[in-house]
Amino acid sequence: MEVLSETILKEVIIKRPQQSHKGTFGRTALIGGNPRFGGAILMAAQACVYAGAGLTTVITHEKNHAPLHARLPEAMVIDWQDMDMAAKIVQSSDAVLIGCGLGTEPESLRLLRFLLNTLSEKHILVVDGSAITLMAEPPLPIPFPRRTIFTPHEMEWQRLSGLKIEEQGIEKSAEKARQIGSIIVQKSHRTTIFTPQGHAFVLPLGTPAMATGGMGDTLAGIVTAFAAQFKEDLVKSVCAAAYLHSYIAEKLAETRYVVLPTQIAEKIPETMKRFERYEPVRTAD
Amino acid sequence: MEVLSETILKEVIIKRPQQSHKGTFGRTALIGGNPRFGGAILMAAQACVYAGAGLTTVITHEKNHAPLHARLPEAMVIDWQDMDMAAKIVQSSDAVLIGCGLGTEPESLRLLRFLLNTLSEKHILVVDGSAITLMAEPPLPIPFPRRTIFTPHEMEWQRLSGLKIEEQGIEKSAEKARQIGSIIVQKSHRTTIFTPQGHAFVLPLGTPAMATGGMGDTLAGIVTAFAAQFKEDLVKSVCAAAYLHSYIAEKLAETRYVVLPTQIAEKIPETMKRFERYEPVRTAD
Amino acid sequence: MEVLSETILKEVIIKRPQQSHKGTFGRTALIGGNPRFGGAILMAAQACVYAGAGLTTVITHEKNHAPLHARLPEAMVIDWQDMDMAAKIVQSSDAVLIGCGLGTEPESLRLLRFLLNTLSEKHILVVDGSAITLMAEPPLPIPFPRRTIFTPHEMEWQRLSGLKIEEQGIEKSAEKARQIGSIIVQKSHRTTIFTPQGHAFVLPLGTPAMATGGMGDTLAGIVTAFAAQFKEDLVKSVCAAAYLHSYIAEKLAETRYVVLPTQIAEKIPETMKRFERYEPVRTAD
Amino acid sequence: MEVLSETILKEVIIKRPQQSHKGTFGRTALIGGNPRFGGAILMAAQACVYAGAGLTTVITHEKNHAPLHARLPEAMVIDWQDMDMAAKIVQSSDAVLIGCGLGTEPESLRLLRFLLNTLSEKHILVVDGSAITLMAEPPLPIPFPRRTIFTPHEMEWQRLSGLKIEEQGIEKSAEKARQIGSIIVQKSHRTTIFTPQGHAFVLPLGTPAMATGGMGDTLAGIVTAFAAQFKEDLVKSVCAAAYLHSYIAEKLAETRYVVLPTQIAEKIPETMKRFERYEPVRTAD
């Protein structure tokens, strides 16, 4: 078990190459937002764009399109009924997020199945929220990409791992992550990242000011942007994404009783700049 | 009769426990917003989220969904025609607000009746605006939860209490509050909070810069968030909510001829932080 | 002819009475915004709310409702097809604005006719944009309220007064204003306010940074709020509204090549506060 | 070949004449924004308005109207199905932009053909994004106005010029621009502007923080506003527009890891003011 520090940000957030274009920094697709939980996918999209993903397409219920563009014209959008277009977008993406505000209706399950059937081994998949719940259930033994990241809170981790909340110690959770073979971002007041090899990285950060709806969607958006953008070492990228999220929250919480997810998103570009790595310091520290 | 001071904020706004999640800080449901008055429920929702409610669901006319999410993706939303879903949301809520922009149409009355039939004794109910007018009328002798808070302005208080505006002295109003058995936030240029025991707490704050449409909706949102979040002493929570609202307005009015409700909402997290109680000071003052 | 100075702001912007409520500061109704020019009524509404109108209802094409509430939940809104409701709103208003983005379609003319038939002598009417053009045409010899304010730019003033742009000197325009019997805010690079008595007040302010679409709609919104709020001396209120608008624009133009109408609206509350009159200085200067 | 410097801003951004109105600074029409790429036209419109175009009308899919007005009430909007109205708007415009989020569907092609048939020699045309791709294809040998500006990225320039990306040296590209007879803004990490005479102006600016979706749409909006507003020397106007865009991006990138297109738009008015030319310095340098 390792406790993360600011070093993880400096390791991951490399100086961008001068000769680059938007494709260089990754294409992402974000699937979620049913009529009730549309705000979740809007928050994930904002975090993804502000965290530097080159191109972001949101695949969501038609109802969420206007609010998305009113807030974030930088994102592209397609109706989640349009499966032909959705398949094209997903296939050309580097990282795909599913789950933020997806719900657990038949429609949600249909979309999840569609996605898992569309993805190939080149993709990085991020599974959040209700998509974790859906994947934890028996009727869905469809294989998922090798490079999959789950971001469960405690109850979702119980569903996915079978470990009851009171049993979710680091050792048992690490063993389960190894069995699942994925990166697990286990969110709690001290979020821990488990690797497919069974290693654990603990965040020393986190504040109860973050305990408000949408906080996890913002994290999922950052994770997706980092996965698409900093592909070399996916575990480190995910650790850095989680660290960044809580780091900004703690800074904001110094002067705020409650920190809103969208306030975190707005601070991402400046905070990333502060930790940008100028020299190629290859993890020797 | 007691005149409130900043002490009420320090008593109520406790330091959040480190081990907590969004459920810890309360689930709220906000019902209102007809096609004409949709802005009212948007303002209440913003205030509720910014005042720290863990989870906020808005139950409103479909027309208000897109503007809500364009402004506040942190809130969830359902159509107020979807009674099955509305019932589930209400049942799982800690505090429920009804009235902001609800209107007085048959639809409004239907929703109020539905709500009162759905609530149980565990719920805290906040009744604002036209919902007060509807409840003041004879055809609705349906019982309401023990822990109900009414937030009438002078004319609504006349309808609810039977006291004409010129008769609304502290003594008579306190006696009426005792008869009704609820907490009354009687809004005027010097807002007074009456308890079910007939006590009165007077706000020493308030500025005519607050006299603009939507100000009451913002107050109702803060009251709901505080009721859901600081449940131990409901009277104190309501007093603190009202104090906070006017305190921010007075600060903003130092440099503004008119203060907008949404400007107050934006200042809530910082202002709550300034008055956060670090030690467990239990009301000994 | 008199050149206006900052004194006009101090004369008009009185300290608000402590015992007041939103009704004290006027009810306004704003009619405009066809499918193409919807932004115009949104800008007028924002200016009206920020300039201190107690209650603001926008009567506009249904298409503009969601954008209005996404920007300005403080305003109420009704569909301009709903004539019964529109009539009620207009009747209970203190000041009514028509014209911002109204268009010159048959629908526009229908709304103008409806309004003129609904208004009574107690109302203050503000006529802007295409409503001026419509009223200038022969088929509309319907009488309008004694207290009417027209806010034409040069071409609209030509249509209304019959004076060609090159003939629009102060003397001739003043004589036309006297004949029409209304207050005329004649917008140009040096805006002039003409009174029904034929007096002229010239703005010494104005910057080409203001020459962008929507600037007049913002002025119309301020005029309406001032008319509803500061009723005692309507000529002075209109002069103050026009002065405030250009004063803010000039301040912003010190650091901006172009000043946007919405940027002006946002600065209204602070600027009004700076010129608020504390003593009752009754126009002795 | 010439490397541009800040001088280009001072040459182009002249002090506005005191006697002017919104027509003085140009009428623009922006065509684009299909259901998927609606954000692109919203970003172009914001940049166009903030860069000082006197009047801006957006011709776009109906779905984009509400988000446009929620963000930018200063723009007017019409449905891109309404060809009669679109023709009127285009005819009365000084500069027309097509392509941002236009797509490559039959609908997109129909709009492009319509536009090219509607334009006359008095118009300045800006062709961006998928409109370049469509114009590069054989089925469209329709002539375009003499004063046309193309803003291709490397792949679009390949399609338009026939030069493969690796062949796109300055000399060959300049020769192609001469053949096409238009101004080419060839976007890459070092954007170059080619003139119809085959001259080349290289931007010494640009940062990888700009490599995010929507950046080109913002540039296209600025180019259109400058073309409509500073007509005297179109090549210089386009150079200044491109310089301004990258200049703001570089400034923002000093403290941001990624710079969003909408953040650039917001900084335009202040940055233009900083470089405003007070004396008539006629290009003597």
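Each chain gets a letter, A, B, C and D, in the order it is written, and its residues are counted from 1.
Methods note: a contact is a pair of C-beta atoms (placed from the backbone, for glycine too) under 8 Å apart; a residue touches a chain by one contact, two chains touch by 3 or more.
Please read these numbers as outputs of a predicted model, since none were measured by experiment.
Q: If you fit chain B onto chain C using only Cα atoms, how far does it have to rotate, to the nearest 5°?
A: 90
Q: Looking at CA centres, what chain is most distant from chain C?
A: A
Q: State, to the nearest whole Å, the distance from the C-alpha centre of chain C to the C-alpha centre of chain D.
A: 35
Q: Chain A to chain C: how many Å between their CA centres?
A: 49
Q: Give the residues of chain A touching no fewer than two other chains, as numbers and ranges.
A: Residues 66-67, 70.
Q: Residues of chain B touching chain C in their complex?
A: Those in contact with chain C are residues 35-40, 42-43, 46, 63-64, 66-67, 70-71, 153-154, 188-189, 208-209, 211-215, 253, 255-262.
Q: Please output the residues of chain B touching chain A within their complex, sorted ascending.
A: Of all residues in chain B, those touching chain A are 13, 16-22, 24-25, 49-57, 65-70, 72-79, 85, 268-270, 272-273, 276.
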